[in-house]
Amino acid sequence: MIIVMKARATENEINAVAKKIESLGLKPHLSKGVERTIIGAIGDERLIKQEQFEIIAGVENVIPILKPYKLVSKEFKSEPSIIKVHGVEIGGKEIVVMAGPCAVETEDQLINTAIKVKESGAKILRGGAFKPRTDPYAFQGLGEIGLKLLAKARDITGLAIVTEVMDTSEVEMVAEYSDILQIGARNMQNFKLLKKVGQTRRPVLLKRGLAATLKEFLMSAEYIMSEGNFDVILCERGIRTFVEYSRNTLDLNIVPVVKQLTHLPIIVDPSHGTGRYDLVEPMSKAAIAAGADGLMIEVHINPAEAVSDADQTLRPEKFDELMNNLRPLVNVMGRTL
Amino acid sequence: MIIVMKARATENEINAVAKKIESLGLKPHLSKGVERTIIGAIGDERLIKQEQFEIIAGVENVIPILKPYKLVSKEFKSEPSIIKVHGVEIGGKEIVVMAGPCAVETEDQLINTAIKVKESGAKILRGGAFKPRTDPYAFQGLGEIGLKLLAKARDITGLAIVTEVMDTSEVEMVAEYSDILQIGARNMQNFKLLKKVGQTRRPVLLKRGLAATLKEFLMSAEYIMSEGNFDVILCERGIRTFVEYSRNTLDLNIVPVVKQLTHLPIIVDPSHGTGRYDLVEPMSKAAIAAGADGLMIEVHINPAEAVSDADQTLRPEKFDELMNNLRPLVNVMGRTL
Amino acid sequence: MIIVMKARATENEINAVAKKIESLGLKPHLSKGVERTIIGAIGDERLIKQEQFEIIAGVENVIPILKPYKLVSKEFKSEPSIIKVHGVEIGGKEIVVMAGPCAVETEDQLINTAIKVKESGAKILRGGAFKPRTDPYAFQGLGEIGLKLLAKARDITGLAIVTEVMDTSEVEMVAEYSDILQIGARNMQNFKLLKKVGQTRRPVLLKRGLAATLKEFLMSAEYIMSEGNFDVILCERGIRTFVEYSRNTLDLNIVPVVKQLTHLPIIVDPSHGTGRYDLVEPMSKAAIAAGADGLMIEVHINPAEAVSDADQTLRPEKFDELMNNLRPLVNVMGRTL
Amino acid sequence: MIIVMKARATENEINAVAKKIESLGLKPHLSKGVERTIIGAIGDERLIKQEQFEIIAGVENVIPILKPYKLVSKEFKSEPSIIKVHGVEIGGKEIVVMAGPCAVETEDQLINTAIKVKESGAKILRGGAFKPRTDPYAFQGLGEIGLKLLAKARDITGLAIVTEVMDTSEVEMVAEYSDILQIGARNMQNFKLLKKVGQTRRPVLLKRGLAATLKEFLMSAEYIMSEGNFDVILCERGIRTFVEYSRNTLDLNIVPVVKQLTHLPIIVDPSHGTGRYDLVEPMSKAAIAAGADGLMIEVHINPAEAVSDADQTLRPEKFDELMNNLRPLVNVMGRTL
């Protein structure tokens, strides 16, 4: 940590900072410049807190040096993590596509959609049994009935299942049925929930919050891993900006940055990320070109009847076309689909 | 709801939309313009969903007319709601100040801070027993021990207590000790938690999420109220923007807008809202001038020792000075402190 | 235009709106709903202004229907525009790469960089003679000397030239030397400058402003076209968000949206868009996959000596590698490089 | 400047950085920590550029210490600057109110509005003769005719005049008629224009850009001052965020921060800052409470007839009421109106 003193900091103020550093078990290192003094704290930075220094008189600025996350970082594990689930490898050579309806509505809807996305090449079936809805009066999901339908769809198609868990009290139940536990964007910093899924042995798909910085996103992954569950899949799904032509701003820049800093796989959800079905194909291609390990795409046998997110949902035929259009690009990127 | 057709929409497409409207129990109303046709859906808009129309061929845009919230709105209840808690009225003539440490750390720290803020005129003691921390390795709060200390501080000082609840499994416990249940910014859309606190009879302080639109903020209040708990206090605490000189951007514009649209009280948290102790006073004044019903301010007997948020925390003397500096302004606004 | 009346609007208020519509030469069309009345203004919407209605008593909301831009839109011209400059076609089958240093510094630097980027496959040389710098004390560009060096580089390499023009007083001079006039992000709404370049016969590269909506971006293109210059090339170069890991947030979502709505070509600048040289390759690939017509990339023979933007600049060898890595992807997208 | 090396930086890489620092005339200062080495550059930081170090192998991060602006800073001039114009002092004890129509439309409109705002206590008349309009087909202002009308309004009322200048070619003309030159938000980084107004002897009102950081805002003021014109008045007028209930997000947090760092006066424009006439009064009060030195408010004798920005404009009676409502607050803040 580096403490920058104000231009007119007194000797006493500088000494106070130095003593504080020593009292915390580190060594102060003074650099007296032309205009101001800079004090380095040499030792294990994790022992001290930035804020303890920011309020000392004469301090202008405190600059941390170490990254705050550990288990997610490449310095902790240099090879990429490959998450294995139900015979599928996420983070390996394959671009893994997760597809299905926003919400599980009926057996017919789910099974028919599942069969279709399987035929087109999806490996994992998505579908919400518990739905986070902005509106308290809107359909909130089928709950356990929905989970049972997902399990049935898995039996029929062989697809693995990913579904959202919204509350600590439901983690156990969802983990019983689902192959992957999804943490939604609105719960990315629901720390109790992160810990709870960290205590299961199910892989976790962690969606980025609408206003999450990279640091916050990775720290939420760290929460899960710090409980012993290392099977975390990151998912970019759009951030909130001033932009008016897409519901969210899908931020593909994070894909190569995550690849650089962490060993975790990252997938992209262009359906939620843009909120527009007509942007799903170009942004799916862009995601793969940027280095994503997979895609999560909303598909419904009849979008006009969908109880939620109809405007970002593809019909099965459109999804099939998409998969076919992705294949040459996937090959060129040295991956498989 | 208004459906705007594309410039080249066919008769068939226009008819499909009209039929869809009829099938949902409303009446279509066509306006053929020079360039395009507009179709109004006359009837109870709540029966239909925007997305069902957005995907019909020939539709360019779907525009909802009704506000999605009901119980929070002034149309539902025209006089302002006054929330009574432990002898204090929030939303009435008084500017209610909630003050105290970010986290409950020790009995000494809490009781001494409580006595001081009470002396300066605070009416409610804040303090976290469960702390949402970005970092899994950081202090997470004392839990029930912290709640007991808060109750003790209430016994000693007579101050009411507000403290955060982070998980459905802890609502009952927190409600047992605390006078007001706080929902933190990161949990503003933790819908299960909103419902759960909606089932208690404790007033709820709902903090705005970092990227929450007004609609989302009010819909989260609606969640709580839809479960029967009408004692909701809104709290502006800063949004996330590109700005670099404050940790968040305290958005006072929302204060008069909330006053216009809803009957709920709204308070402002300049400590978290700016992240800078030196901005607490000017922004407290600005909040009151903008029409806020109260303030939430971080105070610690020794900020340099605080385990969190030290850089936005006032010492008791500074808080006392702040309260004195606010009084003339409060009077001019026709309120009391 | 649609005027939504408040729930309790009176007959008088409704009539006032209807009369106002008539007085402007359009026809009012009333739809009385269960809760509120909606009034359509039938006729040429361009004759009326939204704001004239927003302030009439009883009006809740005014919703424009027509798009505000005309010449840029696909409805005006349905086939894509191909801009021809110095033998290169922008907006056609070829992915056109513009490369070169941020600023023209010396003859050696420019000519050597130009030769290198030409060898690697760039078709247009970029380089600033007039530099918009945040800092008044920083290097502001060589001015006309820089323009002459650019012209010399064109003579030697055959590359076309694109360079920024910052002020109306310099348009003529820059147009004399440069093949394409660049309008920088900070000047995207410098309307006098837009008009002035619209009066030249040089193609214009219009960079998106840091906080520009799509509408504003297209309206700025409309400014140029409304003066008679139809050769406008749009350029996405990153928007300002809360994100901390890239200098700007390169927003590729705009690429397919522009393709849908307009006939203009759009290129992407991953160097400025991310501010990180290590993100240039993945985001270049993503841009092409999203449908961009070209790239603008900073290359310098010695980035460590560059007077600006060193951290986002590639060395010629890196640029050559990039071009080679892009080729298979470009082919798969059915384009050439 | 501080250069943080990567965890695995080699001795050679560290030496390369040290040599680079020396070659630029500063002294390197090494601090070898447990995990990484930090190198301070001791001497005049203005001689070196961050980017020169960011690209050296082994460097993780470069942290500047000195503030980039000089003339605007309190370290350069510790007492607040008071700008005198036409008998009015901006930045002194008085809260200076600038009021008038968005655009100068007709003699009647301007003179009548001017007389009214003068009666209510405004000291400066605002009104645009050159209007930056998003739409090329919209009214662009009366130009010199508008300037002449402004001068006439000054003759009649004694009010000083502030009006926008949009292009270098018009600075001289506008300076001839106007007492204060306004630089609009969209031109905040039109550096040529900043320099040009810096060469006049007219005070400059510099509006903050929609996406301007504090640093960029102050650097634009520095541009003007670096040309010798020290009479700069800053103006907060809203930033662009995701928020949907105000056209822009008026960011009052910047007011106390500017007061802390600079000697320049800062005023607030709640009309543009919120885009809603019903928010003008609460946000005017909040601005004064936050410490602003003045207000800029749109007033029009007949907002419904205004050619622009009608929805944020007050009638003279409303403005009069506003001024009366502000007075007690102004007094409590120890200022005059």
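Should a chain be cited, it is by its letter among A, B, C and D, assigned in written order, with residues numbered from 1 in that chain.
The rule we apply is simple: a residue touches a chain if its C-beta (ideal position, glycine included) is under 8 Å from a C-beta of that chain, and two chains touch if they have at least 3 such contacts.
The structure displayed is predicted, hence computed values, not measured ones.
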item: Interface sides of chain A and chain B: same vs different residues, half threshold; value: same
item: Chain located farthest away, centre of chain D as origin (C-alpha); value: A
item: Whole-Å separation of chain centres (CA-atom averages), chain A against chain C; value: 31
item: Interchain centroid distance [CA atoms averaged], chain C/chain D, Å; value: 26
item: Multi-chain contact residues (two or more partners), chain C; value: 211, 215, 240-242
item: Contacting residues of chain B [partner chain D, same complex]; value: 211, 213-215, 239, 241-246, 249-257, 260, 274, 278-279, 282-283, 285-291, 328-329, 331-333
item: Chain C residues within the chain D interface of the complex; value: 46, 49-52, 54-56, 68, 132-137, 140, 166-169, 186-187, 189-195, 209-211, 215-216, 219, 222-223, 226, 240, 277, 303-311, 313
item: Chain B partner contacts - residues on chain C that touch it in the complex; value: 2, 4, 7, 29, 31-36, 38, 40, 42-45, 61, 63, 65-66, 75, 240-242
